[in-house]
Amino acid sequence: MAIEGRNETNTGPIRLGMVGGGNDAFIGGVHRIASRLDGKYQLVAGALSSTPEKAQASGVALGLAADRIYDDFKQMAIREARLKNGIEAVAIVTPNHVHYAAAREFLKRGIHVICDKPLTSNLTDARKLAKAAAASDALFVLTHNYTGYPMVRQARDMVARGEIGTVRVVQVEYAQDWLTEHQDFKQAEWRTDPARSGAGGSTGDIGTHAFNLAGFVTGLELESLSADLHAFVQGRRVDDNAHVMLRYEGGARGMLWCSQVAPGNENGLRLRIYGGKGGLEWFQEDPNYLWHAPFGEPKRLITRNGAGIGGAAGRVSRIPAGHPEGYLEGFANIYSEAAEAIVAKRNGLPVPADVVFPSVHDGLKGVEFIDACVRSSSRDAAWIKVG
Amino acid sequence: MAIEGRNETNTGPIRLGMVGGGNDAFIGGVHRIASRLDGKYQLVAGALSSTPEKAQASGVALGLAADRIYDDFKQMAIREARLKNGIEAVAIVTPNHVHYAAAREFLKRGIHVICDKPLTSNLTDARKLAKAAAASDALFVLTHNYTGYPMVRQARDMVARGEIGTVRVVQVEYAQDWLTEHQDFKQAEWRTDPARSGAGGSTGDIGTHAFNLAGFVTGLELESLSADLHAFVQGRRVDDNAHVMLRYEGGARGMLWCSQVAPGNENGLRLRIYGGKGGLEWFQEDPNYLWHAPFGEPKRLITRNGAGIGGAAGRVSRIPAGHPEGYLEGFANIYSEAAEAIVAKRNGLPVPADVVFPSVHDGLKGVEFIDACVRSSSRDAAWIKVG
Amino acid sequence: MAIEGRNETNTGPIRLGMVGGGNDAFIGGVHRIASRLDGKYQLVAGALSSTPEKAQASGVALGLAADRIYDDFKQMAIREARLKNGIEAVAIVTPNHVHYAAAREFLKRGIHVICDKPLTSNLTDARKLAKAAAASDALFVLTHNYTGYPMVRQARDMVARGEIGTVRVVQVEYAQDWLTEHQDFKQAEWRTDPARSGAGGSTGDIGTHAFNLAGFVTGLELESLSADLHAFVQGRRVDDNAHVMLRYEGGARGMLWCSQVAPGNENGLRLRIYGGKGGLEWFQEDPNYLWHAPFGEPKRLITRNGAGIGGAAGRVSRIPAGHPEGYLEGFANIYSEAAEAIVAKRNGLPVPADVVFPSVHDGLKGVEFIDACVRSSSRDAAWIKVG
Amino acid sequence: MAIEGRNETNTGPIRLGMVGGGNDAFIGGVHRIASRLDGKYQLVAGALSSTPEKAQASGVALGLAADRIYDDFKQMAIREARLKNGIEAVAIVTPNHVHYAAAREFLKRGIHVICDKPLTSNLTDARKLAKAAAASDALFVLTHNYTGYPMVRQARDMVARGEIGTVRVVQVEYAQDWLTEHQDFKQAEWRTDPARSGAGGSTGDIGTHAFNLAGFVTGLELESLSADLHAFVQGRRVDDNAHVMLRYEGGARGMLWCSQVAPGNENGLRLRIYGGKGGLEWFQEDPNYLWHAPFGEPKRLITRNGAGIGGAAGRVSRIPAGHPEGYLEGFANIYSEAAEAIVAKRNGLPVPADVVFPSVHDGLKGVEFIDACVRSSSRDAAWIKVG
């Protein structure tokens, strides 16, 4: 992947719009930095808030032209689709329950969609969105951003090449502590409201990342799960801790733990996988490292762009080993992968084979996972078939 | 606890016998070092193998007097009980299925028993042994040795003092890799034979340690569990990987993972517990450290005998901070705790209140745990009430 | 510091030019990403190589307008200074020996300079450049980028607030391994050529970063040093390993080690400082952590944007704790600090008091350090007064 | 090395006496545990304090026979040499200034000496002691205990086998914090008194360990050094922090830092060595790990008794990988190596070739190192030839 837009056969950066992400939103700012980092996008339009005043103020603050600041996403989709230099892609960074309605408007007008996870707040919407994406010629990119980390790509590549043998055991977890006590602020508020976040709390907000990551790296398909969800903080309407046992097709077994009430864990996404020939361990907070334990040999610490690194990781890495890249770079990799696909489309070319990004199908699987967790837990952790 | 025997009001070290632990046995040598380390025991008799020639050779190699080397444990129990300076305590380090029969002989003759874990190879024996211990005036000490680590004591003490609030979540795991492939050597052979090891494989060999450790530190009693056990290596008759969801009395939830097929994990016993006010994390391979995360403050790394250490850890530590103690010292702490109790008994005194060691009741709980795991798994991970 | 340009009272991003940084250059790409990351600059002109064809090709690849691609920096300085919307700032990312000549042309025309380190390849040039900067109304910003890391700011702030008492001991090191064997590629080639790099090899390339970092965090001024420089690879004309003892004004003592022949070290810049009341430790490869050891208390792991973080770090951090930022974000902080200063200048306002970036004076000190190392080593590590 | 005495062709454990090590002494207890751990020694006599009452009380507390408790070491040497079953070896664990006088008495009577480090408190005594040892048929073993760690043996073996190529750079440090403030207690008191400790403070107490370790692992001989010693705590009469540059025969260069005023460092002995083909890193506080970085390959974490371990480490290790051994086990290895040599002598056999322990020559080098540091520092860190 070319870092910076310089080697593309296009004429300038991709024109990007944004839905949601006004002042005070966390993830909107992340998407903007991610889009900017490699110089492949330019933000030119936005419907940045469901509150018109805030949408306006946010647009001005971001330096958008006055006539490209919209009060609602539908209006933006309609007008931008008609403009000669209207947006080519839109980033959807609203609370979950809005994803479907927003994405639909752009997909049906042929505007590529880059959407935050989880795909939707419920399974019905997820299925409709999957259909809408299938029916559209536009691309749909889901920002399961952790799949953008170079060492995650490295792990995936090593599994695919058989370096740890057939995967037997998956241990994946995502632990945070920010909801250890009751919280009132905006991030906490919508993320713990089932109407906006979905029926899953920690499962939807972070468990779905963990589940996606395990599938991305191992290539395994989930067969069934047994989930024990719980809300430890009084009055909380969604789970803040979940214990899930996983059975994958082909016989691998797994455990998934997600929690937002685990003091001392900031953003503790950790994946450990074990096969008949070796093991791999990766931790999001130290993302430039990947432990590889070939059975019967000393463990090796593989580093981003370090000795022995493979091409799958190298192509999404910008700077030399020892110069750490982080969350924003991993997120930017999703954007830059998407840019390669978008530019290929722009030029009537097929998407290059080495371009990798999470799709609407991954998103659907994620919502199925959340849904299955909630149903299993409501039936005392009964096994639920998935997919 | 006094390191070395010097301050006791007794006359010399405790006279110790051993059942099992002949040449080539791993755990017998560990028990002997543990008994020696603080100078409180002297090994004077042994029935070191079920094979008479090996029992003799092993006894000679250990420097035992010829008339204190026995071919079988019953003979040893009978004769030592009659000797003027016969053994005061016996270490039982045989495969699991022999524990009950051996322990019974010594208990009923008033000889203190220090027994390796798990208590027995099945629940029937475990219950009988619990009764035998209750009926005896002799002490019964189970070497769940990980409870002897100073930082485990520190963690237990901090939980008891409320430093992390009410415990909500328990994450405990014990991962190894030595059975990743089929193994023939002796350690592997009896540990994977249900007749000698018990119906649990990894659950019995290491899962029971993990379960015990979680209970020891948190003080929580298990209410029910749901277990998914599996043998990944073809032909193996017991589980080599287990995923278990735990529900504790009072509402705490937990997950337990044990595995002997996880490449790169040597002896990975790890405990993480989270309460409403903070978290604690401990890892057996780096046992001199304890992470304490008070919610809303930076994490602290508490070290054995380091700044801020409490008395519960300090009394089972020998040397200054930064001078690492390890597995043998933790094991020796169980022996030295037992020694304090034995010497108190010898002198007609009550066992001091600060002496802590795993009892036959802990052992019974451990076997109930194994039994429940096996039953749950055979019923597709149904919830099983425990205790 | 506002992430993104949105709250500035300006009219659009800062117009930036670049000298050096053509295809294949490492540090030019880093400067471009850094300038882009927060959306405060737009690259509009460049003299990207000393080879005209490469300068042209590189400019086209970066999407520069044809008339803003220059063959040499002087021509660029002259023309851009006359343009209505000419560049406001220039990034100088050439090999060291060009820094002075290039910077001079822009400074004297009132164009702000953002220059890579070390300041120059020799002390004469450094002094002239310091004078040129003093004589100009334009800003001079030196990209000692490691000072941009949030946890480095945190450490500096903690020292300034007296949290570790009077600093007594400084241990700073910068170890790499990429020159362990003889290398021919471009990065290695000019960095080991005294005519372009300067008389210091590892001392100039990385030792100066280490020296700068120690001074930045502690606020200490060097008094004298004793240096033992060595080239281990046959035929190398500059040092590839240096051992330096430091004496600071006021009595603190230090050691500095820099090496490019230490296998296993990728970019191992590490700072440890100890005062009468505590210690601080930071490592560039894991930049989101800062160890704080208050004497007599357990060590604490302070994290970027985590619990207990101070404002000095918070203002240069973009995303929540546990979401790692890396080298590029730290580098971008230098650019964004410079942007705040440039925008203030643009608006006729004083540079805000909390804006911090390395200056020409820091650069002069760095070259004095290199010069002193080389002279000391040539006199068998005699003590050399500095400054 | 056989763990436990069982396979020796002797008749019982080695009879050991002790000089120093009465109640409250730290290192005496360590020596006793070390001697006991593998069952190869029995403590039977002692002159445990220079204060007669304390010598008596300490002897009783340790369970010594009344007629084997002595008031002074000379009396003990004379009588024990005459006894039929008198001591075969003596452990000398007094303050440094007593080592020579005590050792001499035992050496000249053919009693093996196991002596704590540094060898003596001054160079004159060290030379005399070296002569006394040379003149005696008895063994002289110096407890530079860190050479007993299995992973230190592994490192030494890897260097000897050429796995990292010719050693170029040595970075060794030993940092503690217990003298950060003025201290009155006994350990601090004699260790900061030049008359008892020697002219070196931190250099003598810990720097000598660091120096010895570097030499032990690399096999390099020191040529000259330049030292900058300092006492940061007011009124302290010996150095509490030392910076030393090293030049080894053959061209390797090194740095040594030792400090007792570095808050957060408990017992931070760390060795890093770099050659033309790779690097090795070891840290005493996590002694079961050894990092090996073959140049151009990922780093490997070698573990005690883990995959890929060599025989030099394996023979001084007792338990499987993942079951940590610590300081006491490393110390015990010195005792058990000495036991092999003593038993060989007892049986008229040569000392086995694989037995390794620090000798009086290592001790002499250590005192020469301390002396050179003090002299260099007094001459403003002039280079001093050593040896």
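Each chain carries a letter (A, B, C and D) given by its place in the written order, and its residues are counted from 1.
The definition used in the following text is that contacts are C-beta pairs under 8 Å (C-beta built on N, C-alpha and C of every residue); 3 or more make two chains touch, one makes a residue touch a chain.
Note that this is a predicted model, so its numbers are computed, not measured.
J.: By that same contact rule, can you tell me which chains touch chain B and chain C alike?
T.: A chain counts here if it touches both chain B and chain C, which gives A, D.
J.: If you tally the C-beta contacts for A-D and for C-D, which one comes out higher?
T.: C-D
J.: Going by average Cα coordinates, which chain is farthest removed from chain B?
T.: C
J.: As a quick test, compute the distance in whole Å between the mean CA positions of chain B and chain D.
T.: That pair's centroid distance is 34 Å.
J.: Would you mind pulling out the distance in Å between where the CA atoms of chain C average out and where those of chain D do?
T.: 44
J.: Rounded to a whole Å, what is the gap between the Cα centroids of chain A and chain D?
T.: Taking the mean C-alpha position of each chain, the two centres sit 55 Å apart.
J.: Where does chain D touch two or more other chains at once, residue-wise?
T.: Those would be 265, 299, 303, 306.
J.: Over in the complex, which chain B residues touch chain C? Could you list them?
T.: 292, 296-303, 306-308
J.: If we count contacts the way the header does, which residues on chain C are in touch with chain D in the complex?
T.: Contacts found on chain C: 164, 168-169, 171, 173, 177, 180-181, 226, 228, 230, 232, 241, 243, 245, 247, 253-255, 257, 259, 261-265, 272, 274-279, 281, 291, 293-295, 299, 380-381, 383.
J.: Provide the residue numbers of chain D that touch chain B in the complex, in ascending order.
T.: 3-7, 12, 26, 29-30, 32-33, 36-39, 61-63, 176, 265-268, 284-288, 303, 306, 318-329
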